[in-house]
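First chain A sits with chain B, and in the next complex the same chain sits with chain C.
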Partner chain A sequence: MLKKVIIFLFLSVISLYAVEERNIQKVMDSKVRQVLDILKNKTLSQKQKDQKNVRIIDDVFDYSIMSQISLGKRWKTLTKNEKTQFSKAFEQKIKHSYLDKLRLYNNEKVIIKNLKKVKTNRITLETLVIGLDDTYKVIYLFYKKKQNNQWYIYDVELVGVSIIQTYRKQFSEFLKTKTVKQLIESL
Partner chain B sequence: MLTTLYQKLILKYPLSVLIILISSILIFGINVLKLEIDASAETLLLNDDKDLAFSRTVAKRFQTNDLLIIAYKPKQNLLSPESLQTLTRISEDLKQLPSVESVDSLINVPLFFSPIRDMDDLINETRTLKSPDINLSMVKHEFLTSPLYKDSLVNKDFTISSIIIHLYQDPEYFTLLEKRNRLLDKQRNASLTKKEEQTLDEVSIAFKEHRDEQRILDNQNIKEIRSLISKYQNDATFFLGGVQMISNDIVGFIKNDLLIYGSTLILLIILVLGFVFKRARWVMLPILICALSVIAITSSLGYFGWEITVISSNFIALQLIITISIVLHLIVRYEELLTLYPHASSKRLILVTMITKATPTFFAIITTIAGFSSLLYSHIYPVINLGWMMSAGISMSLFIAFIVFPAVLMLLKKRPPIKRKRSMAFIPSLTARIVLHDKKAIYIITFLSIVFSITGASQLIVENSFINYFKKDTDIYKGMKIIDQELGGTTPLDVILTLSDENSTYSPTDATQEDTDEEADSFEDEFSLVENQDQYWFTDEKIKIIKKVHNYLTQLEQVGEVQSFATLLDTGKVLNENKDLDSIDLALIYKKLPQKYRDVILTPYVDIEHNQLRFSTRIVDSSESLRRDALLKKIKSDLTQIIDPDVATVQLSNLMVLYNNMLQSLFHSQITMIGLVLLIVFLMFLLLFRSLKLTFIALIVNIVPIALVFGFMGWLHIPLDIMTITIAAIAMGIGIDDTIHYIHRFKVEFEKDNLYYFTMHRTSNSIGNALYFTTLVIVIGFSILTLSNLIPTIYFGLLTMVVMVAALTSDMILLPKLLLLIKPFKKSK
Partner chain C sequence: MKFFYIFLAIILFTFQGCTTKEANPEFNHTHIKTDAMTSDPLTINTTDDQKKENQTEEFEEEFNEEFEEEFSEQETNTASDPLSGYNRWMTSFNDTFTLYALNPISEAYATIVPQPLRLGLSNAVDNIQFPIRFANNLLQGKFQNSSDELGRFIINSTVGLAGLIDVATNQMTTPIPAHDEDFGQTLGYYGIGSGFHVVLPFIGPSNIRDIVGITADAYLSPLVNVRGLENYKIPNNLGQTIGIYSVHTINKTSLHLGEYENLREDAVDLYPFFRDIYEQKRNADIAE
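For the complex of A and B:
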């Protein structure tokens, strides 16, 4: 279960270019298919697969807002330089983690369901990973960026677990006894 | 007044007095049937131990059940069809027993790595040895290497495995206990209403009744398990272990000792009395007085509902010593008077005997009570009880002896005094000769004894090893040793980490103005809402701490099995292609894990609600290098170094801690109290002798044998434990009696001619006989205890013998020597 859930999470956390609301499903569907194809391609080395997949997802995630949320209120205490450093490090962390879990992919099927507008600037997209014995729900959380009115992923929730919340909690505990500098180094 | 009492009542109506006394003791004696023996772990705990309350909370929070462990050593390979078949059959049989909740063994524990499968498969289908297509060599490898099973379910050689019996928890016990303790606390801190007082009485009775019933059931359960495994003895060797079984076996041994060694001891005492005095009356009378005293005290214990525990199990033997000593002093004095005044009337002889022995005996008993009163300052019920039991018991002995002895003698015909053979009484005159002629030798021996005592005492260790309670050839010892050394240890110790609830050190004033924007705030609100959900509890920081603590505990030599959340992390790592599970993996597992698995792998080790982690360990009790107190202090101090105190606090819990607290408390209270008791005894001596010089002499004479006992214990590596630690009180009680009798007699004899030389001779040859006979009777009688199966009883017998001989030597040689040297008595004109 774990493997499947994790794979699926990262399979689908994949690449949505900043999108308009009406295109979200379509883009998602396309990107998932691209990643699945890459994963199934036996002619590619692991390194090549990783590179291609990163390219697909890179500009859909709003790493900056994800970093900000993951630090919570503490974000505001960071200097500009620290914010840049942290965002960079966190982006690497998310990508590394994603690629790592993606290697566990095992031919599960992915179904993309409907969009749900929870607020004027929040949309969720529910998807299902269908394995042999069980089906797992994965929800993508989008927000609308004020500056360009485009939608970006700011979190993914799988089987009731928010990825960004997991990091938030972790960083908050880390910062109880250590500094932001140490956190950046540890990432 | 005493003379009048004897003349007008006891000596006048001896038969009536005897009938009334004996019949009331016998009628009251029916309460003996209510006497109970309790050797449960609970009796060894401190009354007001905060760790006890904490351990109970931990047991409740982490839902830990009591366990019994059977070490199973089949004649064939562990995984052979025959061995597995026997295991299946025995497991099925065990499950049928009413106290057994479940049984875990090789045949039903889940196999995770045989072969390694996807977690989905693991959760959907639990594979065990019974599943089809099992690869036995893979299974063997899993048992030998899995963090869950290695060194606990099977031993390193794969020849022995554990059958773990989970016993039903008894919720009523804890409900009643909590209710009772709540009311007791309230009673201590404020007054109870009448209704509450009534409730407290009712709950206390209900608790006792329930515990008694439970104890019978526990005993029954162990018996059933034993009889069940005995059916399979042809196929394999079995050893039963577990805390409950230890207390059960100790009760068995105590009962056995009380019966076999108690009766043999009495028989031996009869023989020695017969040999020494060669008169039926001098055998029957001490035995009658001893029997009446023991019946009186045991029926009182039964009446008041006091239980005999491991610690107080020797109180009957102790009472026998003191009672015999009282009676022997009376006999010797009577015989002495009879020899001096053969034509005096029986009544006169008896009266003088009683009157002249009343003061020294009374003071001897009072000082003995002072010695035992040191036990009242411990915080352990059984030890306090032993103090009360002894104080009450010897008071009764004094009372009974001073009524029965004269009354019976009045009813018997006066007989001519015994002409004792010289060989029988050579010791008193020998000691007198030593005192006069071997000045240097006495000082040198005393000096050497002091050196021996100090060097020995400096080697004393305070330890309480249950495995060392039993002889090496007993089944329980063999079983415990196998479980202890091969299958993960015996005494449970829990390390509890309470993680700090405080938020990060961030303060909102640190925020820079430019960054306060609406969008960020809306995310903040959204995420703050769910941040305390359970699945987010598993952070990398916590995982790091868990692993650090687990690894630290594992590398400790004296720690056997260690189980914690880290065990699951290690298992998960193997399943996750040797990659550590991170906080996302764990949150997912937590969310998807069915409750039945949570109860097994999570609940015993993680309490999210209270932010606590439990590391369950078993200590290798038989490890020779084990120093319990030092180990606990080391673990606590090391973990405080390893873990930032702002992140988590460390507490130790479970039986290992409780026993250690009890022992340390006992040790410290004994050390503190020994000073106080010496002060009390000093004041009593002062009151009795009205001479500072005499008081100091008496104290020195008593300190030497007490120190000698500690010296022996140190040199023989006998640890100070819950049993042997009371020996100081015993030594004090016995030694002081001899000193008082000797000095009292010396004073009386000195008044006759004011000559120290002759006084010493007369005293040693008269009272010396009583001291010598008492010692002889008790040493020979108690030698039988050294054959017991319970090591504490052996030590008790051995140390009592040492105390008796040391006290006798000190009182017969050092005391007269000091009296001759210091000359504390004023010459009367």
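For the complex of A and C:
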């Protein structure tokens, strides 16, 4: 009896918190709605809006994996210290860029479309942003983290352009002539 | 006994809360470790810790290779860039032009012309470019898309007052989606490579394939003058064509103010940044 109760409790608690496969759509839907509400809220200052929005996306975006992918093979050659420094700088860059994009928000509607399971540990979520004279496709790419079986975003594709791929290309080009230290500084 | 269950539940809740609140546990993990390493190397150098560390590193490695494969597959090919010197120069020329001429003019234009009118003009220009989309969907064997485009053109040209209102997208119960295709995409569809990258003055990033595409589409577009096709074309000479495109560009920019400045902020180096996003976008358009 006790065992059953413990297992039941444990399972129910896990499903409450983890971004599970079947919850991705729901979680993202509520997150998008929250962000839009914040953007539309006229009583908040820009700084308050930024802080609130960052908090909403923080637990679904895996910045550390993003920074690793963006450096590609070079990541392994970094010292521990450089790794932490780079991850920190990259996280700041990504957040800053994301908040900057949100500042352009002009009453666009967001439609969450379908979830696609690409591989056992990869899921994409397609969304449409309806602007004034155009509709933009935004795809969120999720991966399953082995350590805790939760899903995190590792890349976002805006109208066919992958954000992390773009950084990868830029960083590899940059590192052909310059050092990692310079790269961290330039971020 | 009852209290025990409740107590257990509370404990479990708090533990779960702790684990998920850590946005990036991996990152924190390494961070703490390096701190400990630098401050006191003696206490941490036990074999147990090292073993664990090796395990997680192996784990990371295997995992990263999967990502590495995924991302290198999609990488745009920019190995040959014979015009890079010129391209770089033209990118900074276009950049200066956009920042100091096009954007201020568009901003001023936006304050004079009300938004619905600007939107209408943008729609009308899109509508009149219908032959390009229709033909290129046909050429790629996308017959449903061609018929969608034809339907859109008929509806928007009539009910939509010569294309000023995009009725097919906004006012229909089942909207007919637009299917933007051009001859560059058609060539790509049949497996023709992009050729090397060329930055065009005022127009921006392009490549050999897309320059051929733009030229072919110009024959189909009613907005570009071509000798011998005067009856079909709206402008009668090059000057008028340039005039139409200038107004169109200013109008379009006025609907997207601030976006260019915002985008260029993401660049570490402007030219490779724009080159890469252009090639990625084109590849995605062709694959669609």
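In this section, the second predicted complex is superposed on the first by the 168 of 187 C-alpha atoms of A that agree within 3 Å, B and C clash if a C-alpha of one lies under 4 Å from a C-alpha of the other, contacts with A are read in each partner's own complex, and residues count from 1 in each chain.
Definition applied: a contact is a pair of C-beta atoms (placed from the backbone, for glycine too) under 8 Å apart; a residue touches a chain by one contact, two chains touch by 3 or more.
Everything numeric in this text was worked out from a predicted model, so none of it was measured.
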Fit or clash between chain C and chain B when superposed on chain A: clash
Which superposed partner A:Val54 touches (first chain B, second chain C, both, neither): neither
Touched partner set for A:Lys169, first chain B, second chain C, both or neither: both
Touched partner set for A:Thr177, first chain B, second chain C, both or neither: first
Chain B versus chain C as contact partner of A:Leu115, first or second or both or neither: neither
Partner, of chain C and chain B, that touches more residues belonging to chain A: C
First (chain B), second (chain C), both or neither touched by A:Ser64: second
Partner chain(s) touched by A:Asn81 [first = chain B, second = chain C, both, neither]: second
Partner chain(s) touched by A:Lys146 [first = chain B, second = chain C, both, neither]: both
Doubly contacted residues of chain A, that is, touched by chain B and again by chain C: 5-6, 65, 68-69, 72-73, 75-76, 97, 100, 132-133, 146, 154, 159-162, 164-166, 168-170, 173-174
Touch list for chain C against partner chain A, complex: 5, 8-9, 12-13, 16-17, 19-21, 23-27, 30-31, 33-34, 37, 59-61, 63-64, 67-68, 71-72, 74-76, 78, 115, 119, 122-123, 126, 252, 255, 258-259, 262, 265-269, 272-273, 276-277, 280-281, 283-285, 288
Chain C contact footprint on chain A (complex, rising order): 5-6, 9-10, 13-14, 16-18, 58-59, 61-65, 68-69, 72-73, 75-76, 80-81, 83-84, 87, 97, 100-101, 103-104, 132-133, 146-148, 150, 154, 157, 159-162, 164-166, 168-171, 173-174, 183, 186-187
Contacting residues of chain A [partner chain B, same complex]: 1-6, 65, 68-69, 72-77, 97, 100, 131-134, 143, 146, 154, 158-166, 168-170, 172-177
Residues of chain B that touch chain A when the two form their complex: 118-120, 123-124, 500, 502-506, 508, 510-512, 515-516, 519-520, 523-524, 527-528, 530-531, 533, 535-537, 539-542, 576, 579, 582-585, 587-589, 591-592, 644, 646-647
